[in-house]
Structures are given as C-alpha cells and as structure tokens.
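Notes for the one structure printed next.
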Amino acid sequence: MSGKHKTPMLDELEKGPFPSFITEIKKARNSSAMPEMADDELGQLEKSYNSKRGYWKHGGIVGVLGYGSGVIGRYSSLPDEYPGVAHFHTYRINQPSGFFYTSKALKEICDIWDKYGSGLTNMHGSTGDLVLLGTTTENLETLFAEYSSRGWDLGGSGSAMRTPSCCVGQARCEWAMIDTMDICNTVTQHFQDELHRPAYPYKIKNKISGCACDCVAAIARADISVIGTWKGDIQINQAEVKKYADSGMDIQSDVIDWCPTECMSFDGSSITIDNSQCNRCMHCITRMTKALKPGKERGASILVGSKAPIVVGSLLSWVIVPFMKMESPYEEYIELLENMIEWWDDNAKPRERIGELIEVKGMRPFLEAIGVDPQPQQVYEPRKDPFFFWSESDFA
Amino acid sequence: MEQSELQDKIFAYLEKMKGKKKLKEKDIFKAIMAETGEDKATVKTALREMINVGRVMYSYGGGASSVEIPSEEYLKEKGLL
Amino acid sequence: MALPERQTDIGPPDYRQFLPPVIEKNYGKWSHHEILTPGTMVHYAESGDKLFTVRVASPRLLATDSIRELCNFAEEYCDGYLRFTTRNNVEFLVSDESKLEPLVAALKEKGHMIGGIGPRVSNVIHTQGWVHCHSACTDASGLVKAIMDDLHEYFTTKALPNKVRLAVACCVNMCGAVHVSDIAVVAVHRKVPVINDDAVKKACEIPTTIASCPTSAIRPNPKEKSVTINEEKCMYCGNCFTVCPPIEIHNPEQDGVAIVVGGKIGSLRTDPKFSKLAIPFFYNEPPRWPKVVAAIRNILETYAKNAKKHERVGEWIERIGWEDFFKQTGIEFTFQHIDDFTFMRDTLRTSAAFKY
C-alpha cells in the first residue's frame, strides 16, 4: 500500500548507501495484515522528526496469561491521530543461542508476525531477543499460542532474569575456550521460571563470551559475565611462527611489542613466552592463531556487576571467580549463579542491580554468601586507607 | 489450609494493599506466611495458580514489576469475564 | 479458528537444529580463519573443512519481507543457513566454496553493503529512539543511518588501526553499549524536570519517587501530595521520570546528544575501559544531524591518522593523553568535561607532568 502520511523528513533517510530503516517501515505495509500499523508508525515518526520529541506512553500492563515477562506494552500518546499505533506492543522471542537460524524457521516466524503484527522486527534487541515490534493487546494470546506451539517461547523483561545471550563460540570461532552456546542454552532452560515470572528486585542479565575478545560485551552489559580463558602454557608451533615471519609479518612490532606484560620475545626465528607472567590478554593469539594456541586447561572467569549508568553511574563487571571449569551440565556454574542471585534477591532494594548492592554492602558479605575466598585476582590493588573491618570470624 | 482458602487470603491481602504499595511476589509470600503459618513453597504454588488463571496478574510500572489484581479490561481481553 | 495449543517454559529452540552440517561436524574444532575481503572470511577446521562467511549490514529494524529476502539468499547459496551477529549484521554461512563469489555478486546487485570484518567500523549498536521508546530524547535509527551513510567506506573498504565500535543510545538508560564503545552518541537532557502535581498524586508512590533520585534532589511536597526538585542538585538523569511518568523530563528544544569516546570491551593489550565525554552537547537536528556526523568523522579520522596499528581509540588516547586528544581533535574542553559525580577523585590530575 502507499501511505496516507506525507513524510518528507523521513524520506531523506531513504537516501545514501547504508540500509534504510525507513524503507523497512514502508515495506512492512506490503506484507502485514494490518498495514495501518507501519503506516501510522511512519506518520507519528515524521511528527517526532519535526517536533523533536517522542509520542509513546510509558509501558502499560500487557502480557500473556501466567507470564509477567516477554511482552512490553507500548501505546501511542496520539491514538486519535495515529490509530494504527494506538497499541504497538513489543513481543520478545527468546533467540536461539548464537543467533543461528534456518530460512525455514525465520520464514515461519515472519508469516505469523505478518498475520498478527505490524511486520516490523528488530534482529535483534539489545539483550539478545528476536524482537517483534508492534502488535495489539488482543493479538497477544494468539501470538503466544502460534509461537509457543512451534517451539518459540518468550524472552525476559521487567524485574526478571533477562534472556541470556552469548557469542558464536565454538560453532565458528577457534578462540572459544568454552562452549558458549551450550552454556547459554543450558542456563536459559534452567531459569525458565525466573525468566518468565518477574519476582526479583530488578533485572539480572547473564552473557557468555568464549574469550577475552568478549564479542557479546559480557563484561559491560551483563550483571553476571562469563569470559572464557585458560590455564597453562600457550602452545607454540614454531614452524608456523616461521611461516608468519616468512610471509612478511613483523612479529616484533605486531605482536611482541604489544604484549602488555612484556613476557614474550622473538629471536628472528622462534618465539619464547614466560607463561608465568602472561595475563592471557589474547593479543598475540589473535594475531598469530596458527602459531599460538591457548593453554590446554580451559574454563572461564566469572565477573559480576556491570550495568549502564542509571542510577549512580556505569559499572564494568568485577572478577569474582578467577577460574572455573565449564563442562556440561555446568552444575558448578549454575549453583554459583543461584547463590549469587539468592543473595541479591534477599538483600536488594527495588530497582537495585547486583553491582550496586555489592557497592552498598561491600564485597566481603557477597563473597562470604557465595563461598568464594578473597584472592588478589579480584582487585587491581589492595586498599589504600587504613580503615578496615574485622569480623568475629577473623578472630577464631 | 485448603488451597482455595489460602488463595482467598492472598486475594484479600492484595485488595488491602491496592493503591498503597506495589507488591512483589516476595512481599506477598512474607505477609501470607506470617498470617497463615504456611511455608513459602505452598504460598508460591497457590499464588502461581492464581496467576495462571488470571485471578491475579503480573504488572509493570515505574520501572519495576509487581503483582496486582487485574482490571476488568484485562479480564475481558483474556476472555475471563 | 481454533488456536494451536500453547506451551509454557519451553525456552528457545535448541540451536543445534539451526547449525549447518559443516559446523555440526567441526564444532569446537576450528583451527584458524582468514579475512578474505572486508566482508568475507573463511574458517578452517582441524579436519581441513572450510566455512565461508559473508557479512552484510542491516539496519536492525527489518520488515518481514526483508527477512524473507535474506532467507532466499540463504536458500540459494547456503542451504538455508544464516545467522545474525551481536552487532546486528547478517552473516551468510557458505559451505560450498563455488557459491561464495556468486553470493557476493548477487548481494551486491541488490545493493547490500558487504563489510564490517577486521580493522573497520562495524554496524552500530543502537536503541529504539522515537520509533518505539517513551524515554527517547533523540532518534537512534536516524542517527545511525546518517552516521553510517557518511562512514560507509570504513565498513566496506578502508582499513583503520583497529576495530572501531560505534553505538547510539537515545537516553541515559543506554540500552546499547554506549558506555564501552570506541565512539558513541548518547542523548541527554539539560533541564530540570517539570512536575505535574495532580498527576503525580494519582500515579506515583511518593517514597519510591524520592528514593529514585541518585543525588537526593527530590523532596516531598506534602501540601500537594507530590514532590519538589532541588534544581541545584538535579543532573537530569531522568530516573524520576522512569519511576513516576508525570515528572516530565523531556524538553524538545533543550534535549540533544553528547559524544563519548575511548571505551573498549575486550581485554586485549589493555583492560576494558569506559567511554569518556568528548563533546557534551549537540542540538537534535533531524533528519540527518549533520554536526554530530561531522564531529564523529573528525574524531575517527584524527584517530586513523595518528594511532599506531592495533591501537583502539581508547588506547590511542591513553597513550597521547586526553589533553593531547583535545588538541589534536580541536574539541573544546568545558566545565562539563570535569567529573563532579562519582568518578571525580579518580579523574582529577595529580601530576605536574602533562602536555600542552
């Protein structure tokens, strides 16, 4: 269909080489059974571009029976002017680990969405869900029946465990020290109740990266961050080192000079590493993968606390467990997760994230509650001031 | 205590608190456990059943989730009224 | 029409059913990879098998018909297998080497932007904006489009010293990874919220609203059964608005965006870093935010010209020092750049050794 709104501002954004979201919104009018949704989305957006403000109300109360998560209410504040977006709710489908799909599966999702929604999606939302953008309250139960009966459940939202997510890991990455996709899937399945029924003080996120490159931004965007790593000596294949050198790589300036711990050297034909000094940063391995492989004992570092700035500033996750084996069915990790979450759930105020709670209560009560010893790997440096607590147990 | 009696108590508590405080599941567990002496698992089962049939519902507002008595509008739309 | 029977708590479908056979066979047994072009790479398995990947940009906001078109490519060239990346690119997984070039040609013919692999600008992590969020004080998708139209060569061809990760967030809730990106845009408010007492009385829990303020700027207003805000303490974070919507934080004429730089996620070479403030404010200038676009290009090109190979933006800045960053980029240093909130102690200089 062609639209009923004139959109000169938005039309500007159809020009240029980068794919245009405006073209996408226009396109949705051709496939959705409710073309007025995408059309009024365009109309309202054009108005925003002119007035420099949004016209969405705070999320309302919508959901599917029995769940408190996965659907986010969205209503236009101008429903008379733009009736097509009077309801424009988000339906979050829990993505498969690693964002892998077959065309058959995706087309099935699209066909259902065109019938009961706007035809617009986000591939994917910030947390990881496959986000369907814009449906009405009355279609929610139908969507849930259609999708869940075909194996697609809702993801998390609100004060719940949020949909876990992971990097591509061992499916395609030679640097993956742990099976990120399996861990993600196992955790997601384990916490179904906590994902769908928001009973926590606030949101809690879990992301899993296979190595220190951290492609899923676990260290910055997950309350509980898992980062694959290793123990033991980096495995060196000197024949391959030589091949890199022969192919013209300047090993000294591209690799050795960047080693943050200055634990590597290159004598013109072979590499030596003082592994006791290596901090496993991954730089050398990513530069010369054929010649350098991580040590043989694989596992993960578990870090806790990261979040965006609301309320008292951003946090990056802190090292809590320097090394943990991560082998299916991941009982040790899941037990740790449960213990950390339980401590937070018992102690946090509403809308307090786990990192903020640790700041308020201190690291000691947290570590004691989850049974982790203090270790120098958890800090950059020890405290500077001479003010510190003693507790009864220290005198025993 | 009979499940239905427990559920009536939960409902009464939600009614009493309506408009006063946004309740989380945990708040309800605490109050009902104190009132009835039942354990958490029992209260949780009772509450979850009420949620499954739409007698009470999860709600969201002010950046946080809570548990509430559904509006007529919600019940209509779920075909429960 | 009867609905199919709903199922609950089944979780996502098992990813294994979506993996192409070459991945199933070589799962966990990849040896290394090579970047063939800015948009294609090949992964070698220990078994000798090869998997080719073609990466194309997506605006993230996709119509079903566009997903179907992507699926059609996958069916014709990849036995139906495709995936998305954490930065919202689309990846075609090609097992049959002879189909690689034809796929690339077919994608190009349809105008797809192929690239984003290696030391380049990849897709921009971003948020909902005016398209879909009540909290937005700019439009994320529009900014992304304008920025990437300008920087497209850094996605498709030109190389940089290292990867440059861009992000846009349409309010300080920062649903994207703005606080840890090489260069990012975040929308900000600059005016104390306006309180609608009547609506506050009806819709908000007063104690919760007071507690929501990180600077304790909110006081009760018993007369109106509402609250008041101490203007000197408010730093416009908008958290009170999230908790109590009748506290209106939006101010279309004075809202706008800031640019932050130097964030980093990976631990390679140096530790992960937060992004820091580079430019405190630009007015919203839809549809193409030309000043924001120009400022980002300036920062990117100054970095490209001056950073050493392998240095991320944040590593470059730490090496040269922030005072030199402001000099090299010509960005003005203002009161807003000096932290007077939680990080003040860590950020004030305590050394007499610095550059001019």
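Annotations for the structure displayed:
To keep things simple, chains are lettered A, B and C as they appear, and every chain counts its residues starting from 1.
What we mean here is this: a contact is a pair of C-beta atoms (placed from the backbone, for glycine too) under 8 Å apart; a residue touches a chain by one contact, two chains touch by 3 or more.
Every value quoted in this text rests on a predicted model; they were computed, and no experiment measured them.
Averaging the CA coordinates per chain and comparing them to the mean over all protein CA atoms picks out A as nearest. Remark: among chain pairs A-C and A-B, A-C carries the greater number of C-beta contacts. Distance from chain A peaks, on a Cα-centroid basis, for B.
One simple way to say how far apart two chains are is to compare their mean CA positions; for chain B and chain C this gives 39 Å. Rounded to whole angstrom units, the spacing between the C-alpha centres of chain A and chain C is 12. The centroid of the Cα atoms in chain A and the matching centroid in chain B are 31 Å apart. Annotation for chain A: residues touching 2 or more other chains are 58-59, 66-67, 141, 350-351.
Among the residues of chain C, those in touch with two or more other chains are 208, 242-243. Multi-chain contact residues of chain B, defined as those touching 2 or more other chains: 63. By the touch rule above, chain B contacts chain C in their complex via residues 21-22, 62-63.
Within the complex formed with chain B, the chain A residues making contact are 58-59, 61, 63, 65-69, 72-73, 137-138, 141, 157-160, 197-199, 201-202, 345, 350-351. The touching residues of chain C, when paired with chain A in their complex, are 3-15, 17-19, 23, 27-28, 30-33, 43, 51, 53, 57-68, 70-72, 74-75, 80-86, 88, 90, 93, 112-113, 125, 127, 129-137, 139, 141-142, 144-146, 148-149, 152, 172-180, 208, 211-212, 214, 237, 239, 242-243, 245, 250, 252-253, 255, 263, 265-270, 272, 274, 284, 286-288, 309-310, 341-343. Every residue of chain B that touches chain A in the complex is listed here, in rising order: 24-26, 48, 51-54, 57-61, 63-65, 68, 71, 74, 77-78. On chain A, the positions that touch chain C within their shared complex are 9-10, 12-13, 15-22, 24-25, 27-28, 30-32, 38, 41, 45, 48-59, 64, 66-67, 74, 88, 90, 93-107, 109-111, 113-114, 119-124, 126, 133-134, 141-142, 144-146, 148-153, 165, 167-168, 170-174, 176, 179, 181, 185, 188-189, 192-193, 196, 212-217, 219-221, 227, 254, 258, 260, 280-283, 286, 289-290, 308-314, 316, 349-351.
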